[in-house]
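Let me begin by handing over the structure; questions about it come next.
Chain IDs A, B, C and D follow the sequence of writing; residue 1 opens each chain.
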Amino acid sequence: MTVKKIAVLIGSLRKQSFNRKMALAVSALAPAALQLEIVEIGDLPLYNEELDADGAPPAAWTAFRQTMQDRDGVLFCTAEYNRSVPAVLKNALDVGSRPYGASIWNGKPGAIISVSPGALGGFGANHHLRQSLMSLNVPCMQQPEAYIGGAGALFAPDGSLSNDATRQFMQKFINAFATWVEHNG
Amino acid sequence: MTVKKIAVLIGSLRKQSFNRKMALAVSALAPAALQLEIVEIGDLPLYNEELDADGAPPAAWTAFRQTMQDRDGVLFCTAEYNRSVPAVLKNALDVGSRPYGASIWNGKPGAIISVSPGALGGFGANHHLRQSLMSLNVPCMQQPEAYIGGAGALFAPDGSLSNDATRQFMQKFINAFATWVEHNG
Amino acid sequence: MTVKKIAVLIGSLRKQSFNRKMALAVSALAPAALQLEIVEIGDLPLYNEELDADGAPPAAWTAFRQTMQDRDGVLFCTAEYNRSVPAVLKNALDVGSRPYGASIWNGKPGAIISVSPGALGGFGANHHLRQSLMSLNVPCMQQPEAYIGGAGALFAPDGSLSNDATRQFMQKFINAFATWVEHNG
Amino acid sequence: MTVKKIAVLIGSLRKQSFNRKMALAVSALAPAALQLEIVEIGDLPLYNEELDADGAPPAAWTAFRQTMQDRDGVLFCTAEYNRSVPAVLKNALDVGSRPYGASIWNGKPGAIISVSPGALGGFGANHHLRQSLMSLNVPCMQQPEAYIGGAGALFAPDGSLSNDATRQFMQKFINAFATWVEHNG
């Protein structure tokens, strides 16, 4: 068995973000075939094509691109801001997609978890993200879909998933993702 | 007649951006009832709720929010990145929407122009932006829709719209927006 | 005060549809300025442009178009099928939009309620419908948004809204719609 | 080599539909590994769950479901009506997805071509369709994307693709789909 290295990208910059908690909780549930690790995206300057054209892109862009090149797949845990993807995550997509022809996303299997305190579970962010991933040629796991609402009541103080149904669902989700990465990697 | 002050936000950071050119060209076409002026959004730090919670948000956020409070409407000229809204513009939406209860968008009439070098005219960005504006309670002009493709052949060296059909369409668009702002302001 | 006649279109053909129940419940809550009445759409043949081109469209199309011409606004109560608008409702949009130049939707104020038994409240259908309404030039109320989940527990045997919070929210919603119709009619 | 049987579904009922022309043209270009055949969907009654619940669904539904069960994949050629999927195609999705647990879509590899006379190439229909296919667990080919605009100038009187660039693109597209079906079938 080859262990697959999976980048986990978090669509929220809050330290106490429910999505960061979910990223850690689901990483702990992952089967041995997957090694999940958060890749931080909060320090990436906003994408501007001219910085690449000058041949001297920001160091943070270069570091992010190099890190991602070395990953076998990507798991997104994202909040929803204003019914769409938070800018911090959209920026990581944009930075990683360039320069033209050197996208780090191309062919890399992915999956999405959207987490929100409200009932809707980030549906709007989840699907806007899917539209971008389609164009980036990320084979994005279809089922199960993970819209996790009511996030305020799901986690124990130690960050684990205290809600049994959610923990069992996320176990099923991450197992399915392992199969997905194996098939599409 | 009261002149309405309209903020123009550009979804691209390139200096030579087609959307910046469009922003300037359409501003020149605007009827006297509208005064259009670009509000820059490239220096806004990525939105992070914790910075607001601390009571000391970044100065660039505060300046942007204050500027926008003084505007009667907003015109978006946006590129499409990866079939969605560029991060720089999504970030301006997110920054302007907070803190909770103090959104600068609420009730402010808006319109969208999406411009791209390809044929599709930024349809994906245009509609993802509309979904966010719905939740932000921006009455967003429905017709005419402005998906401007083939942008490389539309502008004269002085930045004006050299393509007659496009110039006439944009004239019609900005006139309709004046009516829209008057009705929804 | 002029009473506005509002067509209520239901995106579901089930007799026991939660959306039909909602349509009736919200009609009962409507202020005197609005007169809501369901317009049935289940018998409309699937849209085919050739039937209009022949000059002899199906009688059900003609009747629907005539009925809608006489309405001042439209309220949609829709289920979500496969993360989008049920065909029955999309068909009504398509039939009503034609022949070219004779759309019954143009300029007619509208609002959307999406109801589902699950938690997500029909978010996917709600927003796909909004995209169509934008192109049909229906000024569609933005706030409040009505994603009504958990529909199985909301209604009394007599069809009224037994859930207090939902009833209060729907009262607020339909009052806001009366204002919306007044302003955009 | 096993030949894969691919159902072609057309999102338009016009006999002279550009999408029907495209369906036939691309079928002629398909490699030997794929056998494409149009499955007609114009006679399916609008989906109504109660007809299934009664245990006596319309004969047209049953015939469609049986036909599709025997197919290895599905190619969608769709028009755009009012910035979304034509009702005739959405209805086929809905009919095929039920009864619960007996969906004919589950796991069946798919691809989308959207064709329109205008410049935008059916982008809105293409992506609304993708959202439904995600929920239906259809692995939907991501690249290349096929938004075919200006359809009035693409076909020869015999129905073949007279535009060289479009024919070459569609050849590349259908070859990629053969690989996609092989991998995801």
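Just so it is clear, a residue touches a chain if its C-beta (ideal position, glycine included) is under 8 Å from a C-beta of that chain, and two chains touch if they have at least 3 such contacts.
As the structure is a prediction and not an experimental result, all values here were calculated from the model.
Common partners of subunit B and subunit C, by the touch rule above, are A, D. Path length between subunit A and subunit C in the touching-chain graph (shortest route): 1.
Compared with subunit B, the chain whose C-alpha mean position is the greatest distance off is D.
One inter-chain figure worth recording: subunit A and subunit B are separated by 28 Å, centre to centre, where each centre is the mean of the chain's CA atoms.
Separation between the centroids of subunit A and subunit D, computed from CA atoms only, is 30 Å.
The geometric centre of subunit B is 36 Å away from that of subunit D, both derived from CA atoms.
Residue positions of subunit C with contacts to 2 or more other chains are 83, 124, 127, 131, 134-135.
Residues 13-15, 42, 46-50, 81-88, 90-91, 93-94, 97, 124, 128, 131-132, 134-136 of subunit D touch subunit C in their complex.
Considering their complex, residues 127, 130-131, 134-135, 137-139, 142-143, 145 of subunit D touch subunit A.
Chain contact summary for the complex, subunit B toward subunit D: residues 83, 119-121, 123-124, 127, 147, 149.
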